[in-house]
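Please find the structures below.
Paired with chain B in one complex and with chain C in the other, chain A is shared by the two complexes that follow.
So, the complex of A and B:
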């Protein structure tokens, strides 16, 4: 009797979760796929996909999006990995982690506007460049500033999973590696990095996927000199009202994300228990 | 016991606060009867002191709600959830709303002061005989330049933007219709062309402009121009007026060979309910001194010619915002295009943005 009650209570716990998933994840995706098969006159068609895969504009835009997302992810990773590693060595890692996460409490738009101020002709960055004698440079609306700001925004999402992986790393493996005569590079590439790889993969997923469809930064910081698929989606939903085409691009993005998940999530095999702790 | 008492006191305090808040909310939303008018307009598009004056004169309280694009306004009116009494669409959107049967015709017998309006801005193609709309403001698309970087008077025409010396100096407003539009005008074509080949030619011309284009941005353009970030910008006259107010080095030019002429007109959407208030407001806004006060506050050009004579000389003789007849005769009003054509304009525009 009691057991049965417990069972129903357990299922009751799942109701909000399932409802959430069905209403806000599965249903929108189905709607998106459904919508992508209709043209602007509301007729069923495969034309949207045909347009997408035969249009050099959209294909170029896809290549662009993937390329920039890759660069952003790479920049983020290069900064976050050493940060996460050193964080683990500090006395109060939780405090430092809090400081790194703090920028995510601030609205994205606000941060973008702050960077406009920093990078503008009379901004702090250019004042500094003038001060050290290089002279003001065009910083806004360049690929550099776009990747810089995007990486700045994504860093907390990369640091967190890597930090978790690093903090789970048992220091005795590192010690053992050194004791057995491995060079620092060998220790890193053969022991530390493979053991923290799950964190890196999780970080890449958390950064690469949203970076694929950044669109506000492309305008505010990139001055629309960087065009990604997000720009096209925004245009199709807001200006041309061609929701079918917009949905098609959305579906392509989802497929791209699935591919990334599959590539980075490759081995689902958990490391042996003894290895983690 | 002590706890219980303090809990009860706390509850009572919260109740009192809520009652006070509800009373205040009701008072401000004016749900106390029919002495109200629901105005749905662009952000900061009416002098607030006129609303107070209107309420004092007529007793009608005006609730102002704002939108930031014609399309957003269209969708909301179409859904019909809120009883908006008046709204201010632009020219092509009036055409679109008319076709979608979202507008109520004006009762001309109840309107006074229609003779105050400049006949040049009445009876236009988007609303023949002003069956549905009363002019509110008008303006143009043009070039803003900073005399720190550009010699005053040296830019008069669209084609001058293509000069090599303006490399990486120009900011464009992120709007497909306007960017394609000025490229078409520079080619001597109609800004409402329906010919795909003409659009393609315009895009090819724009591609040649891209070395000069520093950025394609939206509202931020005002901030950038005021901060001397770029030498030249292409934007609407209303935005230009705000920039000029913020930086005395800026100037606004409407190319004489042609550009866009736009109108924002007051219309009665089919969601309207308070007709007495609507006509009182339309007549109030047609009065020259009110229209003049509004024009001075907003900085856009008023279509009310009697109001224009009341404006300070510096404003009414400003050729930047009240261009001469010859220029006006070359200006073109956007027509409502078919969804396919809107798509085509946007595709060509996207291709230009992709081009580096």
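So, the complex of A and C:
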């Protein structure tokens, strides 16, 4: 009797969450899938998918998106792993972490505009280049600046999960590894990295998936030279008004994300139980 | 292999401090090859720091660490020919039992077939022959302990450092492991340096014990020496249970306490020097009140299984702890007797060197 009561009360706790999920996750996805089966004239069709998978433009765009998302993720990872690792060695990691997280409180658009200023012909970056004698260069609207700014924006989302994994790592694993004869590099590659891999995977998920559908930065920083699926969706919904095609690309992106989640979710063959001990 | 008498490990004037706090104060220590040594002391006394200094995980602020006659202060931990069993075992959770044991061999580029045989041998040594394929999370604490020992032994170190390896085990398992560790050490002939705060463990396993307090080694010696002739109040209290009573040394081989003079086996003090007397509870025998060297009144007693622990008070309100196989009646006076050699006299603030010198002097006089 009491147990049943408890059960109903526990179920009640799930109501807000379930409502949220249904209203803002499941319903939109269903609508998106539904929408993707209609052409611009409102007739039911599979044509959108046919167009997508036969058009070299869309396929190139897909490859492009994946490639840039990969580059952004790689750059972010290469910067974030050492950062997270060093963070753990500092005296006040929480303070440094706060400083790293702080930029996420600022609106993305504002940060993008700030970078336009920095990278412009007369911006700080070019002033510095002139000062050291390399002279003003075209920085804005290049692939480099696009990846640079995207990586800058994504870094906190990579640092956090990796930092968590690193700080949970029992320091005696490192001593044990050294004790058994491992050089610092061997200790890193055979003990530290494998044990912090869950954090790396979580970071990759948090960075790669949003990077696939970046659109504002491609225009503001990349100068529309980099066309990704995100840009294409924006174009279809706001410019060409071909919502069906836009939805189709959306569905393809969702499928891509599911695949990434599945790949990085990894097998849980080795439980992480001992990690926090 | 050349036989030499030089110690396998020697520490000279090792100091360690963090900021203003001194963790180790001028530690000097020599370990002979093939013996079982124990660093014993309460937590925070610096015993683990000594171990970490020898292993290479921390640098000494001053002093030198010798290994086989060579100074190894600047040799990194991964190049020292010794291995450690960690308090929390530190088994790698992403590797299974055999991979954990083979970890060090793989790093040293040992051939695959040899790794396999040596891992199997090591697992057999700790009685886990069939556990190679298990995950670390699937085996019990006691088994993890054995894997940690196997992982260190498989490297065939000259010295094995053990940092409170039994503290996480339950009482029964701990006792079994004490026998096994002692047996392993004697079979393999490797030098063991064992760190513990458990005096029973230290007494049971060691060839030699170093008793530590607040960053200093107070006394080193065989378990019997340290138990029978503790150098001071702290050691006497820390090793086993004792009755420690203030007294006065009247002359050589005669001491006065609780207002009476007794014959004893100690000498070499100044006449009428203030001293402390140690009488172990198991050395006190209960007799009728009129036949005892001391008369005390039983206050309370506890049944400890193989003996009764009796607490009694004399007329000066000194507490006397007596271990007896027979119960006593609470509230009644009893007599206590003891032999002259059961009395151990300690000088106040005597250093270990002075203590040893004095012991040698009057023991020579006997002959």
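Just a few scattered comments:
Quick note on the criterion: the second predicted complex is superposed on the first by the 268 of 277 C-alpha atoms of A that agree within 3 Å, B and C clash if a C-alpha of one lies under 4 Å from a C-alpha of the other, contacts with A are read in each partner's own complex, and residues count from 1 in each chain.
The working rule: contacts are C-beta pairs under 8 Å (C-beta built on N, C-alpha and C of every residue); 3 or more make two chains touch, one makes a residue touch a chain.
Just so it is clear, the model here is predicted, and its values are computed rather than measured.
On the superposed chain A, the positions of chain B and chain C stay apart, so the two partners fit side by side. Of the two partner chains, chain B is the only one that A:223 touches; chain C does not reach it. In the superposed model, A:138 lies in contact with chain B only, and not with chain C. Of the two partner chains placed by the overlay, only chain C lies in contact with A:180; chain B stays clear of it. After the superposition on chain A, the angle chain B-chain A-chain C between C-alpha centres rounds to 150°, nearest 10. Once the two complexes are laid over each other on the shared chain, residue contacts for A:195 go to chain C alone; chain B is not touched.
Contact with chain B, but none with chain C, is seen for A:60 once the two complexes are overlaid on the shared chain. When both complexes are overlaid on chain A, the residue A:172 reaches chain C alone and has no touch with chain B. With both structures placed on the common chain, the touch criterion links A:130 to neither chain B nor chain C.
The superposed three-chain arrangement places the nearest Cα atoms of chain B and chain C 46 Å from each other. Touched by chain B in one complex and by chain C in the other is not one residue of chain A.
The touching residues of chain A, counted against chain C in their complex, run 170, 172-173, 175-183, 186, 190-191, 194-195, 270-275, 277. Taken together, the chain A residues at the contact with chain B in this complex read 40-41, 57, 60-61, 64, 116, 120-122, 138, 140-141, 219-220, 223-225, 227, 231-232, 235-236, 238-242, 245.
Here chain B touches chain A in the complex through residues 69, 71, 168, 171, 174, 176, 214-218, 220, 223-224, 227-229, 339-340, 342-343, 346-347, 350-351, 353-354, 356, going by the rule given at the top. Residues of chain C that touch chain A in their complex: 55-57, 76-79, 83-84, 86-88, 90-94, 103-104, 107-108, 135-137, 151-152, 155.
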